[in-house]
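The next part holds the structures, each set out as structure tokens.
You will see two complexes here that share subunit A, one where it goes with subunit B and one where it goes with subunit C.
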Partner chain A sequence: MVPIIKTEGLCHRYSVGTPFERAAIEDIDFEAKRGEFIGVIGHTGSGKSTFIQHLNGLLKPTAGRVYYEGRDIWESKAATRETRFKVGIVFQYPEYQLFEETVYKDIAFGPKNMKISDDEIDMRVREAAEFVGIDSELLERSPFDLSGGQKRRVAIAGVIAMGPSVLILDEPGAGLDPRGRESILENIKRYHEATDATVIMVTHSMEEIASAVDRIVVFNRGRIAMNGTPGEVFSRGEELEDMGLSVPEVTRIAKRLRELGLPVDTSVYTIEQLKSILLSLKGGGRGA
Partner chain B sequence: MEINMSDIIKIENLTYAYVTEEGKNAVALDHINLSIKEGSFVAVLGHNGSGKSTLAKHMNAILLPEGGKVYVAGMDTSDENLVIEIRRQVGMVFQNPDNQMVANVVEEDVAFGPENLGIDPNEIRRRVDDALRQVGMYEYRTHAPHLLSGGQKQRIAIAGIIAMRPRCIVLDEPTAMLDPMGREEVISTIHELNRKNGITVVLITHHMKETIDADRLLVMKDGRIVADGAPCEVFKNVRELKEVGLDVPDTTELIFQLNEEGFNLPLEALTVEECASAIYAVLS
Partner chain C sequence: MLKDITLGQYFPGDTFIHRLDPRTKLIMSLEYIVLLFVARDYFSYGLLFAYLVLIIAVSKVRLKIILNGMKPILILVVLTALLNLFYTPGNTVVSFWVLRITDAGIKNAFLMVIRIMMLIAGTFLLTYTTSPIDLTDGLEKLLNPLKKFKAPVHELSMMMSIALRFIPTLIEETDKIMSAQKARGADFETGSIIQRAKALLPLLVPLFVSAFRRADELAVAMESRCYHGGQGRTKMKQLILRPQDYLTLALGVLLAAGTVMLAVLGL
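And then the complex of A and B:
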């Protein structure tokens, strides 16, 4: 099957021709399948934000190619435009981009530019609001009357309402309290399960990424340094720490226990996983 | 009014209410009493809307009490004549560094505060370099702030405060926009400022991990302080914290869940090392 998104030898240099010229990303070969949930992690400045902006044509590669369903997105103006509707990006702190008079109009802004009927727009707005947990009674309110967490949900709904095949979120939980993070992540998981959309989520929270995604792509110094399941990635804890990333606390506890001599699998990353290992060790110890 | 000079901040019966769009009164702070010792490192946890930012803004007279009193180094924040002096004593760092950048060059941004204090240029030079080294941004001193990452900008904002040499720094979710390494750098920087220079630190955060090394942890809910003590003592109350909408560190959560299955582990084992040792002691 043709990957929904693919990059080949993707490079981007900023400020070309000035003393500040630097490569933000180099030689990125990346593929995402339809329906995949991918986590992207990397230290600040590792190139992950630059990377995602290439996936819907907001940035043009300085070298290399980006394909959407096998077609080069820069092949024609029409191809670029189509990609921008099919690949939706929710930026960091998207609540700062709200501008309409009502929540409804704000969510409807994207779909309105897609030449679809008013009925269809209405349906999409209501569906998107529901996905992110925004009550229909809030739709006629000004987005500026909402709390920070609600504003963020509205901004995410605005992208979902465009019905993207690929939904990209840059740190959707940043700055929210644990309850808010968890709830937004639940909404995203629900959206992913209910649609066949590919979801690519950039995050710094290892715990968050571990429980949600099928695959993790690790960026380091503008390149993809790792690409695998959460267990595969987190078992390379030392390399991650060298890149300025931390491994989940649970993985670190498992690793320490192994160093102390207990037969613990160090690719665990959730409390449940480690708990069940420890419970079986305890049970085994008692039985022996 | 009796003031203990070892308390850099003393809050008495502080109340503060916001008026919402619908014209309702929302109580943000409900009769807070709190003393912060000079030289201590105090972390404040609470979910959004718990009042922790409102409390922080009372600590350098950005907000003034509606009821009660706030004293900074013995000075009443509601006395307008003292506001400038109060802000020299207590510097504030906010969540979003973009809102805190004023200059086009990093070192000029850091120099902005001391310049406004009328400090000698040679001394400013020294302080700026020193502050930038402390936050690990010295090599970026001639860069343009807008070309830096969020984490780098935040460290520069912190340098700008350090350069004013305050007695106390209040940081309102300074790491919310940073990645793990940036977070660790900021947290270890403020711990070092606290240890070496004796600067009092009040750290408002949602990140449990950042509170583990504090001397004292306050938990806020609905405008009130609902827990106050050493972090390892506060985190023992796993159920209560969850009711407040906060998570406990994964170490505590794991121990809590294992104890429910019949392990008998100490809940105050907060660090990975302590937690692993405690589990090992039971299983080996």
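And then the complex of A and C:
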């Protein structure tokens, strides 16, 4: 199967031709399959934000190519524009992009730009609002009257309403309280399951990423440093810490237990996994 | 794109000019502008040009930067040159169709172009060598006497420094919102003028909202640090006129005297 999104030798340099020139990302080869849930982690300035902006043609690569379903997105103007609708990006703090008089109109902004029928727009807006948990009575309110968490949901709905096959989110939980973070993550997971869209999520929270994703891509100094399942990535805890990243608490506990001499697998990253390991150890201890 | 604006930018350095008191530089710049309009002919212009070359040499601002700064006014310069060239009465040198070029026209065009370019270069040198904070500090101190007439001098200079401080922030914010709306299919580049103006709405509304929010936050932050206007407020960096400032100001007096003398003599 053709990967839904693929990059080859992607490079981006800022301020080309001036003394301030620097490479933000270098030589990125990346692939995402349809329906995959991918987590992207990396230190501030590691190039992850620059990278995601290439996936829907907001930034033009200095070198290398980006393919959407096997087609170069810079092949023609029409192709670039089409990719914008197929690959939706929710930026960091997306609530600052709201501008319409009502929540409904704001969510409808994306679909309207796609030039689809009004009925279709209406359907998509209501569907998207439901996905992010915005009550239909809020749709006629001004987005500026909502709370911070609600604004964020509306902004996410605005991207979901375009029906993207690839949904990219840059730190969707940043600045929210734990409950808000969790419920937004739940909404995203639900959207992923219901639509079979590919989801790429940039985050700082290891717990968040560990429980949701199929695969983790780690960025370091503008390059992909690791690419694998959460278990594979988190078992390389020391390397992650060298990059200024951490591992989930559970993994850290497992590692410490191993250092203390218990035969614990250090690639665990959920409470359930660790629980079953510890229980089996306990059971084994009794049996002996 | 937006980040490439150099107009009014400050280039840090540690030269004689950079170290001068901002008041000295403000006074000298103002004097220079006035003198440019006093100048009459090649000699007075030559004197002012020599002064400009001296300042550029001492301040070590690269010539390329100064020339780059003149790009935006290129059209104005060309237009001025053409108008002066064709509409100055005098002895005809060349004529074709309804247009005729006179000897006085050529001279006028040349001097006008030189005047505008020197004017721009002179004022740019002020902002190139003076940080925005120094500049507003100097301005406040210079305008201090106006406080006697109840002019809100401190408030004005505070507004100016805040405005200067937030230009880069707003540019960055504009870039961000633009990307976000483009990701939702907004199109800022094509369509008729009316369509393009309408397309700016999704950019301007969030920008204004965030500007107001920032203003609000800044006001709270300032008040929580007990800011209540300029009354009795002391400065960390005191402005003191030093020997080099008096030297520069003396040079300014000489320059003024020289230019006025040459102009009176019609040179």
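We adopt the following convention: the second predicted complex is superposed on the first by the 288 of 288 C-alpha atoms of A that agree within 3 Å, B and C clash if a C-alpha of one lies under 4 Å from a C-alpha of the other, contacts with A are read in each partner's own complex, and residues count from 1 in each chain.
Basically, a contact is a pair of C-beta atoms (placed from the backbone, for glycine too) under 8 Å apart; a residue touches a chain by one contact, two chains touch by 3 or more.
Quick caveat, the model's predicted, so the values are computed rather than measured.
Chemist: Kindly classify A:Gly45 by the partners it touches after superposition: subunit B alone (first), subunit C alone (second), both, or neither?
Modeler: In the superposition, A:Gly45 touches subunit B alone.
Chemist: One more residue to check, A:Leu281. First (subunit B), second (subunit C), both or neither?
Modeler: Once the two structures are laid over each other on A, A:Leu281 reaches subunit B alone.
Chemist: Among the partners subunit B and subunit C, which is in contact with a greater number of residues of subunit A?
Modeler: The partner with more contacted residues on subunit A is B.
Chemist: Going by the contact rule set out at the top, does A:Gly244 touch subunit B (first), subunit C (second), both, or neither?
Modeler: first
Chemist: Would you sort A:Gly175 into first (subunit B), second (subunit C), both or neither based on which partner it touches?
Modeler: first
Chemist: Under the stated touch criterion, which partner chain does A:Met162 make contact with: subunit B (first), subunit C (second), both, or neither?
Modeler: A:Met162: touches subunit C, not subunit B.
Chemist: So, A:Arg256: does it touch subunit B (first), subunit C (second), both, or neither?
Modeler: Once the two structures are laid over each other on A, A:Arg256 reaches subunit B alone.
Chemist: Within their complex, state which residues of subunit B touch subunit A.
Modeler: 21, 46-49, 95, 147, 149-152, 173, 176-182, 184, 206, 209, 245-247, 249-251, 253-254, 257-258, 261-263, 272-273, 275-277, 279-280, 282-284
Chemist: Within their complex, state which residues of subunit A touch subunit B.
Modeler: Against subunit B, subunit A makes touches at 20, 42-45, 92, 145, 147-149, 174-180, 204, 206-207, 244-246, 248-250, 252-253, 256-257, 260-262, 271, 274-275, 278-279, 281-282, 285.
Chemist: Residue numbers of subunit A touching subunit C in their complex, please.
Modeler: My answer: residues 53, 56, 58, 81, 84-85, 88-89, 91, 94, 96-99, 109-110, 113-114, 144, 158-159, 162.
Chemist: Show me the residue ranges of subunit C that touch subunit A in the complex, using the header's touch definition.
Modeler: 173, 176-177, 179-187, 201-202, 205-206, 209-210
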